[in-house]
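Read through the structure below, which is laid out as structure tokens, and then see the notes.
By letter and in written order, the chains are A, B, C, D, E and F; residue numbering begins at 1 in each of them.
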Amino acid sequence: MNIGSAFQEFWNSTGIVNFTWGQFIMIIVGLIMIYLAIAKKYEPLLLVTIGFGAILANIPVAEISGPDGFLGIFYTMGIANGLFPLLIFMGVGAMTDFGPMLANPKTLLLGAAAQVGIFAALLGALVLDMLPWISFSLSDAASIGIIGGADGPTAIYVTSQLSIHLLGPIAVAAYSYMSLVPIIQPPIIRAFTTKKERMIKMEQLRHVTQLEKILFPIAALALCIILLPTATPLIGALMFGNLARECGVVERISNTLQNALINIVTIFLGLAVGSRMEAASFLSFETLGILALGLAAFAIGTMTGILLAKIMNKVSRESINPIIGAAGVSAVPMAARVASKVGQEENPQNFLLMHAMGPNVAGVLGSAVAAGVLLAVVPIMMGG
Amino acid sequence: MNIGSAFQEFWNSTGIVNFTWGQFIMIIVGLIMIYLAIAKKYEPLLLVTIGFGAILANIPVAEISGPDGFLGIFYTMGIANGLFPLLIFMGVGAMTDFGPMLANPKTLLLGAAAQVGIFAALLGALVLDMLPWISFSLSDAASIGIIGGADGPTAIYVTSQLSIHLLGPIAVAAYSYMSLVPIIQPPIIRAFTTKKERMIKMEQLRHVTQLEKILFPIAALALCIILLPTATPLIGALMFGNLARECGVVERISNTLQNALINIVTIFLGLAVGSRMEAASFLSFETLGILALGLAAFAIGTMTGILLAKIMNKVSRESINPIIGAAGVSAVPMAARVASKVGQEENPQNFLLMHAMGPNVAGVLGSAVAAGVLLAVVPIMMGG
Amino acid sequence: MNIGSAFQEFWNSTGIVNFTWGQFIMIIVGLIMIYLAIAKKYEPLLLVTIGFGAILANIPVAEISGPDGFLGIFYTMGIANGLFPLLIFMGVGAMTDFGPMLANPKTLLLGAAAQVGIFAALLGALVLDMLPWISFSLSDAASIGIIGGADGPTAIYVTSQLSIHLLGPIAVAAYSYMSLVPIIQPPIIRAFTTKKERMIKMEQLRHVTQLEKILFPIAALALCIILLPTATPLIGALMFGNLARECGVVERISNTLQNALINIVTIFLGLAVGSRMEAASFLSFETLGILALGLAAFAIGTMTGILLAKIMNKVSRESINPIIGAAGVSAVPMAARVASKVGQEENPQNFLLMHAMGPNVAGVLGSAVAAGVLLAVVPIMMGG
Amino acid sequence: MLIGVSVVFVFLILLVIITKLLSYVVLRYFPEKEKPAARPPAATAGKQDAEIAAAIAAAAAYTKR
Amino acid sequence: MLIGVSVVFVFLILLVIITKLLSYVVLRYFPEKEKPAARPPAATAGKQDAEIAAAIAAAAAYTKR
Amino acid sequence: MLIGVSVVFVFLILLVIITKLLSYVVLRYFPEKEKPAARPPAATAGKQDAEIAAAIAAAAAYTKR
């Protein structure tokens, strides 16, 4: 082989020659995600890593997201088998204080109400499947619905078990809408509540003892074992982290879950999720459908959370500000902060943050339970 | 498939329907381990994680400890291949100060004497094998014996190489008895020593130079290479960590071994060990035999350590308090603390802690050496 | 089998009986590396771990570097697939301040000039291949050449892709010469510069804005995607780390890359690289050739860096001290420090460190680009 | 998918009940021991004043000399 | 292997050009906002002096008594 | 399993011997350099007293004015 033809071959290996339009567009999408992360501070830990992963995955020739590429290695290591989202969940458990929820257990119901969005989006996906240019199976629809859970690790875990080919768009939708909570929720809150309702003050929460906090993760796991074993990987990981946090004798583990381990896993998970944003699979009508359904799920979940809170306010002895129902979608702690902010706009003396943390962490449980239902029912229905 | 039969199928997937008695009992066992860890502070880092792993492993339907479950992934990642115990040993090496042992090298012999328990338990296992309802092979017996080494990672490593099906009960026995050292050892110490012996004061230890501390891990590894290559994974990992600690030029590595890495591995190891506590294999007469033999090994090792210390006290120029012989079982640093406490009960002015640290860390070496002997001899004898 | 023959068999399993001369020599080599690391502080993080890995890999019987040994596990986990060097590169990116280079972009060219050593060593390897007792393929020659890049992770990554059987000697040569920069470079600098040139003062660098620092990693990656996709795993990993550092919204990721993750990976990488120093493959004429060529590559790269700096000083408006050209070989930050020190020997008021950091980090880019060229061209030429 | 929503609600309603029960039992039978309220360090201020006074007195004495 | 060196140079020359362009655009159109220069805490010294003076005056007054 | 215990003892006896030899060689031929004992900062106290004295003197002077 002479120099000339070697140079020709080298030229043929450059990016200019091998670029496809799809790859180019996806790299732009990755850059936009990074821009939003940096300029708008939207979920930066995830959007920077996912965005960068999307760029790397769409480089021609290099095959960084292929099975031998380093993003492909991350993917095999912890996405395909569902390991990384569970490790993240351990860290989330170790960072979560269930105290506000234990002080007012009724708020758990708000975390249930907000999951209506999940099942609405699932039905929506089945409807969209009727369109000739969109094709969603039941398990696809379930994975799409879980975006409404507003919980990144849960969405990734469910999708890895049911519809791994949709992982890219579903994870992107989940994290994008989670980061857009401050934009999506306030108008919905205002539309479904009266000014008077938004001004409702709530009683201060009682002190919760350490023993209650230690026993809660065990009790919740026990219930999950009895009723819904398919949710136990998620709930189990969450409660392991939470028990490590509250039990007071394993500081080393609690700190590691909250720092070194979750940080390392976040890097790997973000890049690997980004690696699923390959042009060929991402640029499709299905992705548009997923983005639309995800947004609908968020909106519906916010609404149903608020509506149940309004009902509870009517029937309950203590007054409940319906705004905190919106925090039931999870998106911890953003949704609780949004609820608190909307409340203070009406009445600067109204401090709802702690009250909203109850439904907020309940929402994490709620979406994990919904995930368990989907993981139990969908395979049965598809097999049957 | 109609809704009715789907609901029927869903009901059939709940925990209530699928529970076995064995799983229920094992979940209780897991809860007890967690209770002891929290309420009594018995080796909490391990008992919380192992206990939680045992709970998760015995959840019906979910198969968390199966090959695709996340505990099963941890197990494949580092237990089946012996990796995690070696990483823990690197961290142990980085945390161990061999100074007190180098100041008084004779105490190494106490670390040898206490390993008699290992071989006694091995023989005991072979005797139990004669019972019709218990079956132990030679390699099972060797793995059981190593519980007497009072060293968790060594026990897990040996068992992973020789009898991986016994990993659950052996690891549980090892860590349980290590945590029970403050209860098991004092009566044995009092039974085999006189009040006068327990009041013996020991000379203050000389200062050990940094160069000695740097050269010791290399010298010990060299001896191990020449005599007992099968022990070099354990001794090599330990001495790598210790060299990183003492050499003074790799602070980053030493800190990482002592913190981020050992903490992460402890979480994975504990959960994965717990995942081997599945009812089907754990609830058997063999487990009872293992628990009994482990206790015997601990007791015998404590006794032989004390007896050799008594002999050394007689023949040696300097006086040796026989209590410190009990620390030769390892269980670092608990056994040394127990020795120190028993000593101070007789004479509040008697500070034995540093003197007991010598045999204590020697016990780690001793059990690693014994592990090497078993790993070398057992396969030969079983093949021959 | 009776006791006697068992003892015989045990004896046959000791190190004394099974030692080969090669293993003995390699253990000594490992000890020398550790000695140099501790006593002379030569790249201690790598030389301690690689040296210890070399010792463990050459223990008879134990097979620690075999596929089931723990060093073999590290090797499979991250060396054979190129993962560990890329993770290290993420950490390097997160630790690198491209500011001095951005303030004076011309210095990028010095980072290019110093890569001439890479291609010179490549040609040298092909010449040595003509000797009857040395055999180097083109891909071997390319891997050897990359030693001249003076960048450990780049050398390991390229070698893992092109000539993994040479990983041991190439990694050792790369890190050894990097650690010997303070000895190798000063005489070469003095030989190729006049006293007057070495006394040249440089203008103070301008302030670089945060936005420039954020955009640079993206721009550099974009260029790499267009021109040289084969370099994007290396440049991508580096720029991911650097973006995490500069963007200001992902402190957790930046800290993790710079600490927990890079430290853990360094331990695994060092031990695994050491495990490739097995006597059978390491003790050969090829290794001698590699060591000689690596040294030549370093010397030539230093020289060409200086020569280009001299030319730039003549043609450029601003004055450039030719010493900083030597820093273009990378070996960050040692080469920059050496340049600074040599400069101050002539003129104590001359502070070149920041000026030398420009070519120094440019050298990292330069060798990554050269690596990309080799990864693109060599497979084509060997296939053609 | 009414099933799904129902199961989620049934689950969380049961969890509310269990949580309330748990809190009731804990608060009734295992109340947290009152932590001895940290006394306000009232004496300190006085002591400090005294020291300052002493210093000033010393200065005054020195001055008078 | 002249190719290799050439490509490295071409690459880095392009990177120099891009970097210069980038810096030009950033500095021209997105200049860094001037951070409000941290005022030297000039007043502090004076205030402290005043306090000391007051203390001394108090001491003096105490002394005179 | 007398073999086992014997090997463990032989190993650790050899390790005792090697360790003693090692310590002997190190202490005899490579003794640790004496670290220059950190001097007690004796002067400080005196200096501080002097400063206080000066302050008091100044206060006195101020008072007399």
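The rule is short, and it goes like this: a contact is a pair of C-beta atoms (placed from the backbone, for glycine too) under 8 Å apart; a residue touches a chain by one contact, two chains touch by 3 or more.
All values derive from a computational prediction rather than experimental measurement.
Counting the residue numbers that touch the partner chain, subunit B and subunit C have less than half of them in common.
When the CA atoms of subunit D are superposed on subunit F, the rotation angle comes to 120 degrees (nearest 5). We define each chain's centre as the mean of its Cα atoms; on that basis subunit C and subunit F are separated by 40 Å.
Centre-to-centre separation between subunit A and subunit F, using Cα means, comes to 55 Å.
Averaged C-alpha coordinates give centres for subunit C and subunit E that are 35 Å from one another. Multi-chain contact residues of subunit C (touching two or more other chains) are listed as 6, 10, 227-228, 260, 377. Among the residues of subunit F, those touching two or more other chains are numbered 3, 7, 59, 63.
Put simply, subunit B touches subunit C in their complex at residues 81-83, 86, 90, 214, 218, 221, 225-230, 232-233, 236-237, 240, 243-244, 247-250, 252-253, 255-257, 260-261, 376-377, 380-381, 384. Contacts from subunit E toward subunit C in the complex involve residues 1-5, 7-16, 18-20, 22-23, 26-27, 30-32.
By the touch rule above, subunit A contacts subunit C in their complex via residues 1, 5-6, 9-10, 13-16, 18, 27, 31, 34, 37-38, 41, 44-45, 48-49, 52, 55-56, 59-62, 64, 68-70, 73, 259-260, 263-264, 266-267, 271. Contact residues on subunit C toward subunit E in their complex (touch as defined above): 102, 105-106, 108-109, 111-112, 115-116, 118-119, 122-123, 208-212, 215-216, 219-220, 223-224, 227-228, 362, 365-366, 369-370, 373-374, 377.
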